[in-house]
Amino acid sequence: MTPQEDDDDLTIADEAGEEPVAFSLAEVERIAEALVFASAEPVSEAFLAERLPRGTNVNAVMQRLVEIYAPRGVNLIRTGDRWAFRTAADLSFVIRNDSETRKLSRAALEVLAIIAYHQPVTRAEIEEIRGVQTSKGTLDVLMEAGWVRFRGRRRTPGRPVTLGTTPDFLDHFGLEELRDLPGLEELKGAGLLSGRIPPGFAIPIPVNVDELSDDEDPITQLDLEELGLLTPGGDAEE
Amino acid sequence: MDKLWQDAGGADRATDDPALVIDVTGFEGPLDLLLHLARTQKVDLARISVLALAEQYLLFIDSARRVRIELAADYLVMAAWLAYLKSKLLIPQQAKGDDGPSGEELAATLAFRLKRLEAMREAATRLINRNRLGRDVFARGAPEHIPHNVESAYDATLYDLLSAYANLRQRTAVTQVTIERRKVWSLVDARELLTRMLGEIVDWTTLQHYLLPYLPPEDRVTATASAFAASLELVREGKLEIRQDGAFQPIYLRKGPGPQPPVPAQPATGGVD
Amino acid sequence: MTPQEDDDDLTIADEAGEEPVAFSLAEVERIAEALVFASAEPVSEAFLAERLPRGTNVNAVMQRLVEIYAPRGVNLIRTGDRWAFRTAADLSFVIRNDSETRKLSRAALEVLAIIAYHQPVTRAEIEEIRGVQTSKGTLDVLMEAGWVRFRGRRRTPGRPVTLGTTPDFLDHFGLEELRDLPGLEELKGAGLLSGRIPPGFAIPIPVNVDELSDDEDPITQLDLEELGLLTPGGDAEE
């Protein structure tokens, strides 16, 4: 890994074709490795030859880099006439992709936001705010993510289940408490709410509510099953 | 003040030239304009002549007004404040005490704000000229995995969340309102302007004195009416005090003591809640 | 908590909990570098600690890797509490890519700097410093870029939301931590990061105010024109 003290210097002609700049072999190696590292695709020798000082023996440079990286956790490999860095084969176990993260769908983001701002909120209320029905998969995704929970039951006819956010929700979004969520003025100020806002438009100040509010009853496991909210092995589809 | 400038330059009649255009669009607000003017003094910001600066600014606004350039309220508030500052600086120092900060203190405040803004500009330049990721310095182009601390299998940022919410609420709010460009000053405008102006000026002051001279003539009536109506509301809220010495006398305004409690506080009565 | 003491060998328990596998320090280094090298995003120390043999001094391993890579075309850098490989800054001239970076408006840049140096800062404070209202879309752009975030709320009347920078901000501008912001100490020392005038900050007030001081020239209409403040002969419309 020690950069070589090198006798043979190469020269690169400045674009304007003026005085050539001298590059040491170590320098050329550095450029080559940076180019391969930063490239999204394996890099062809022709591409390298174009970027490296004129007269560089690209193949020789790459061979040296191969040697340098051979004992490391990352190797320089050649596929066809292209070069790329790859995790050393014997270490592939450490980078196994055990946790592919998925983007939340727009619907899920909306529902999550409504739950955060309007909690405790029932499913019917969410639908009223969104103006569309919420597919079951959407709530499932949020539950699976660990950001949304059933809180209790509203003491109204039908005893609908109320939803709220979890401590993990705060963690993930870097909030200390729910009240840290920006309000109307701040959303406006940040340019997130734009244009004309009709009078009476309000954004609730979410309350930190670990305890049930006065119009909520605790929820039981039985309730959930009765409501069909817990479906064993339900596939989350959007 | 006109005299001063005529004496000094003798060239300001040129502003009557209708072809003259004032370029305010290039400025990021009144402080930016002041900073620019301060630089023309070619001295360290800590040594600028605040008075000369105020003069230059007012001259500038005056020229803009003469050629009927519409100036944002920010510029007018600053003009009013500088006119006030100027009067404070020119009047021999009054007995200190009840009249708020002295002209010197106000001038120092302005100089500080200019210096601070300039410092932030320089900081911004240094920041943007650093070796930046994606321009000078690059990440692995072909990543083989994405590390996440796997508490959640889902990825979303607070920004994603908030923008989804804001969009949704906006979408569902009924907003098919197009309002024609207004020719009158709304109460909201007037209120905003008054609040900001009086936040800066602590003395009794009249609207006519500092603000109105910088408004386009055709706006003065509506601005006066709206400002008066807005001022009554502000008084009710305790944010403003109004004084008038007699009928048809000028109306003086100043910052109020803040919201009034509904019942005057009565110390040490045996009130029980 | 004390898995010792085979000099430089560490042990890792296999997932199945069978015989522990011994790793040499070189091996641990290889794993660490593979984990970081494979990722485009910076990798947190917590993530590394989880994947490296129990008892590994992650920081020491990373420091050694930093030294190993320092002379190379690809360097190991720290940003916040995360590690990443990045192409060496001095090679910018060969691989620089101007097209990729979005241009920030001057206003956005100024707001970004104010947030970075004054954080946690409220929008009202930003406006106080700039002397102008923040136009819609400015904060929006910075948040979308992932450099600025809502942090929390100030414990003052009205509880305004405060803004701050993100870890990605550090990464993008090549900062290890916020303390590395250029000129931070001097600005602090000069009192320029506070809302109050520092003691001793005074400006001389001319005694005879109608006359220009020695180092002043009268300003003329012509000057204003030269400075571009008044543009003669432009079309008089916006």
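Lettered A, B and C in written order, each chain numbered from 1.
One rule holds in what follows: a contact is a pair of C-beta atoms (placed from the backbone, for glycine too) under 8 Å apart; a residue touches a chain by one contact, two chains touch by 3 or more.
Keep in mind that what you see is a predicted model, and the values were worked out from it rather than measured.
J.: Using mean Cα positions, find the chain sitting nearest the overall protein centre.
T.: Of the chains present, the most centrally placed is C.
J.: By count of C-beta pairs in contact, what is the leading chain pair?
T.: Chains joined by the most C-beta contact pairs: B-C.
J.: Whole-Å distance, chain A centre to chain C centre, using C-alpha means?
T.: 20
J.: At what distance in angstrom does the C-alpha mean of chain B lie from that of chain A?
T.: Their C-alpha centroids are separated by 40 Å.
J.: Measuring centre to centre with CA averages, how many angstrom lie between chain B and chain C?
T.: One centre to the other, that is 29 Å.
J.: Would you mind listing the residues of chain A that make contact with two or more other chains?
T.: 34, 37-38, 85, 87, 95, 174-175, 182, 190, 192, 194
J.: Using the touch definition from the top, which residues of chain B touch two or more other chains?
T.: Within chain B, the residues that touch at least two other chains are 138-141, 144-146, 148, 157-158, 162.
J.: Spell out the part of chain B that touches chain A in their complex, as residue ranges.
T.: Listed in rising order, the residues are 138-142, 144-146, 148, 150-158, 160-166, 168-170, 172-175, 177, 179.
J.: So in the complex, which bits of chain C are touching chain B?
T.: Answer in residue numbers: 35, 37-41, 43-44, 46-47, 84-89, 92, 95-98, 100-101, 104, 106-107, 109-110, 112-114, 116-117, 129-133, 143-144, 146, 149-150, 171-175, 181-183, 187, 190, 192, 197-198, 201-206, 209-210, 212-213, 215-216, 218-224, 227-236, 238.
J.: Along chain B, where are the residues that touch chain C in the complex?
T.: 4, 8-12, 14-15, 17-23, 25-26, 28-32, 34, 36-37, 40-43, 46-52, 56, 59-60, 63, 67, 69-70, 74, 78, 89-90, 103-104, 107-109, 111-113, 115-117, 119-124, 126-128, 130-141, 143-149, 157-159, 162
J.: Could you pull out which chain C residues touch chain A in their complex?
T.: Within the complex, chain C contacts chain A at residues 29-35, 37-38, 51, 68, 71-74, 85, 87-88, 91, 94-95, 123, 134-141, 143, 149-153, 159-161.
J.: Mind listing the chain A positions that touch chain C in their complex?
T.: 1-3, 26, 29-35, 37-38, 51, 71-74, 85, 87-88, 91, 94-95, 174-176, 179-180, 182-183, 186, 188-192, 194
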